[in-house]
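Here it is, the structure, as structure tokens.
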């Protein structure tokens, strides 16, 4: 058996191929990258926006800037050096989350309600807008419910495909980027090449498209042959529980 | 007794007050800065454009980037870090030279003749244009003859006062900068506040204004009371010869 | 594109004019003078009501906690603040003064009120939802680039983020066409803080500083700021600084005050020295949930404390600090 | 201002479009693979006729002499070249190939053909006065900023130099009004070299590099360049690199080839290792005065040499190198 977080981490880790570069934050993204390194992608290059490059993580970092992110790292550098590698086109993947997401993968992590008189204030972009603008493929890990998956985000903090095909390039964003996969506790979504709208790629074991649609505030597409998400293997679970997150900081939540 | 180079170095060194910051190159400028540090300005901060900041120079550097420029330095950094301190307004003085200079202190170190078909090609700006654009006061050390002091430079490599009052600011250069003194083997020149044209400030012992004008290809002004340049003191000469340039690399030429 | 689409509508709190900054930096001399002073003296001399303040490090790592506490205790108000990768530093200032006044009322926000994986600060959230703080939105990189523009001595730099988003709309950035490629670019204005608080591993008396681990944006921040107060784990000799010129991160001419504060980043992490005190950080977050409990907490740990050394003492003193050292160096 | 006053009339040799560069960098993968190879192999694989080439260091200090000699011996032609603080490196390439062909025919010139206090290179001067090389003018800082723009991934950066001068007129820079202050600024286009040759103190097999002393523009150059060949005084283990992450200046993902070349900067200076060989540099300058003598010199020291180790040998070998080490470490 496994829980939803373990499933999400395992699914995310499989997307990271050996030799790729990935910008990660704390929590599930970091766990996914560590798991990938310990399974199929030993040469995965992990970067932290605060300046840590390719550490040998001794334990799960608590902050993207804490000293674990430079433990036996290849380099301890600056935020600009890391972000500019991303802006230059070096970074394949970045992991993001958010309070709201729409059908084009646009994310809100700034406010719920009106910007000038917010009902709820969140941290803002942080490095999310930068990562999503610069990295080739944005991966989003989030819980799946109608409060998060909305027709229109209250505030567009971080760009997905904006208003649809060609909109990123028209706005001036680097060409060829955008959201790649959304990994939730229910399913894995990708984006339709023609419409740039979110579509179900695979359903987690036991889930149905209808159930996923019910938890989504906008109309979801689906690929021609929706697969069942391959569940975590015994090996993945062992490594995740014993080596990646032995204290259960992420998977124990 | 002293030679012209010794006089020029001593005069230059006196212009550098204690606590000031100065960007120097190799040769006479470096000797002037070292002499200032060993006499009246122990707190003079010396920077080299290649990245050396405040070294304890063990000997005269041969290159502005050689390792002597970082010998027991406060910092070994990058060209941009030094140049940006200048651009930010941190650097009081910079020393320059050139193949040609005009009445407004504009310098040519690029070509003699037409740019497209030069009779003589020189190194180009190097850091000179940057220093003269950024530093508050440009000091120029050069030999004095009609070949160098010309009505119009063949190529304006490095800005003096350009075409006169207000021209630097109109071009977009930082306000308040410009050439401050020209130190030659004949005299010390400053620039008229109203016209921005070169004027004799002091004549070296034995020189006359007429002699200086004869060696100058444009009409020179003179300040109300042209002084006689104070010759090198015994102390200055001793330190210059024994401590600053014991091998006579600069003063022995 | 209409003009309004090309200009964020957020407020610009500081003057990006490099000539104004140059006039200031010209007077800030390069001489190596002894700048060692106490934390209260440094804050009294160099942080003024109405100033625009920035803090170094990364939120809960290598932050100038002692200096931040002192700003609160000396009841500075009406500050502008750079919310660049802020976490616990933001949380400290969000407490307000003992008499209930706001410490900052103008905020450039890139990352605020969260403590990363630890959760959100209830007090910081109350403050930001009160509407009393004027806000301008940025991203972490864009705000870092604002420091870089200032450090570089130019009025702006171009970046390729923020485009197409509400983050741009609520910023004070502009959008221009690249003169070489015709592509749209965001340009962000130089940010010259009046004063920066930066904690470092080592400094000499003059302010030549060394930093271990990530430098975040502090290379640029130290150069961009009109005044810089440094707190240092250790004061070293200038001979020591000169023995390894490659290790210097901040040259003395950027620095106005040097304070000797061992454990100065506590309860934050200090690379190679001590790990963060997650117990204390959690206690702070928890206390914020209840306004009355929070007041008691602040009286005990902030307002009622006479100096940073006392704060360390009531947080567990040498025993706790030794634990955090062990945790870091395991 | 007329349009012509706002645009330098010099040629732009490389494409400043960051999206073109991004497509290249995307394919340049981050995996840690063994990149150790011989100097001839590295030059054969990564330097092609027609490429735009840049060299690291500062003219006669920490230059990649061994790689530069190999470029000459392998008779690369029609190169573009970044004349950024060049001195002896420029002089080597200015020799041309053994058969008399030009090595570079397009040149961004900031500092060329001088060897600082040592004088001017007669050969470099002949070449530049021949009219056979297409030239664009820059300043040292402006050209460094072109590398920085590329390293940053933006098509330009603003600077406040070059304004009002013929240097601007003969450059490919442009002049724009600052969108925030209205002030005139120079904007310089990103320069993405096809290949950079950089000599460093230490590298591991993957190309994680350390540099002692000044970094000049190499931090940016290594990131801006599509391909990077590194020569290193010493090959160290990746464990050693990981033991001090603050010391890394160039990360492996920037690097394509690593060559182990002790004394690789000779006759240039290498900070902390060996001083420049002023006798040999003077001999080179002197030989250039007479075309016949120069040809003999080149046959002996460059064209007719089978490898860099042989060059070191005929320049005095271990005895001379030991002297230069003593001179540096006195």
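Brief remarks follow.
In order of appearance the chains are A, B, C and D, and numbering begins at 1 in each one.
Criterion: a contact is a pair of C-beta atoms (placed from the backbone, for glycine too) under 8 Å apart; a residue touches a chain by one contact, two chains touch by 3 or more.
Just so we're clear, the structure is a prediction, and the values are computed from it rather than from any experiment.
With contact taken as defined at the outset, chain A and chain C are each touched by D. For this pair, chain B with chain C, the centres built from the Cα atoms lie 40 Å apart. In terms of their C-alpha centroids, the spacing between chain A and chain B amounts to 57 Å. Averaged C-alpha coordinates give centres for chain B and chain D that are 28 Å from one another. Residues of chain B found to touch two or more other chains are 70, 76-77, 80, 87, 134, 174.
The set of chain C residues touching two or more other chains comprises 18-19, 153-154, 159-160, 183, 185, 212-213, 245-246.
Taken as a graph of touching chains, this assembly fits none of the simple shapes: it is neither a line, a ring, a star nor a complete graph. Of all possible chain pairs, the ones that touch are A-C, A-D, B-C, B-D, C-D. By the touch criterion stated above, chain C contacts chain D in their complex at residues 12, 16-19, 153-160, 174, 176, 178-181, 183, 185, 187, 189, 212-213, 245-247.
Across the complex, chain B is touched by residues 18-19, 21-26, 28-32, 150-154, 208, 223, 238, 241-243, 245-246, 248, 251-253 of chain C.
In the complex of the two chains, the chain C residues touching chain A come out as 57-62, 83, 85, 87, 109-114, 116-118, 120, 125, 128-129, 131, 137-142, 144-145, 148, 159-167, 170, 175, 183-186, 212-217, 219-220, 269-272, 275-276, 278, 328, 330. Residue ranges on chain B touching chain D, taken from their complex, read 25-27, 49-52, 58, 62-67, 69-70, 76-80, 83, 87, 106, 110, 115, 117-130, 133-134, 155-159, 162, 167-168, 170-174, 249.
Put simply, chain B touches chain C in their complex at residues 18-21, 43, 45, 53-56, 70, 72-77, 80, 84-90, 92, 134, 136, 174-176.
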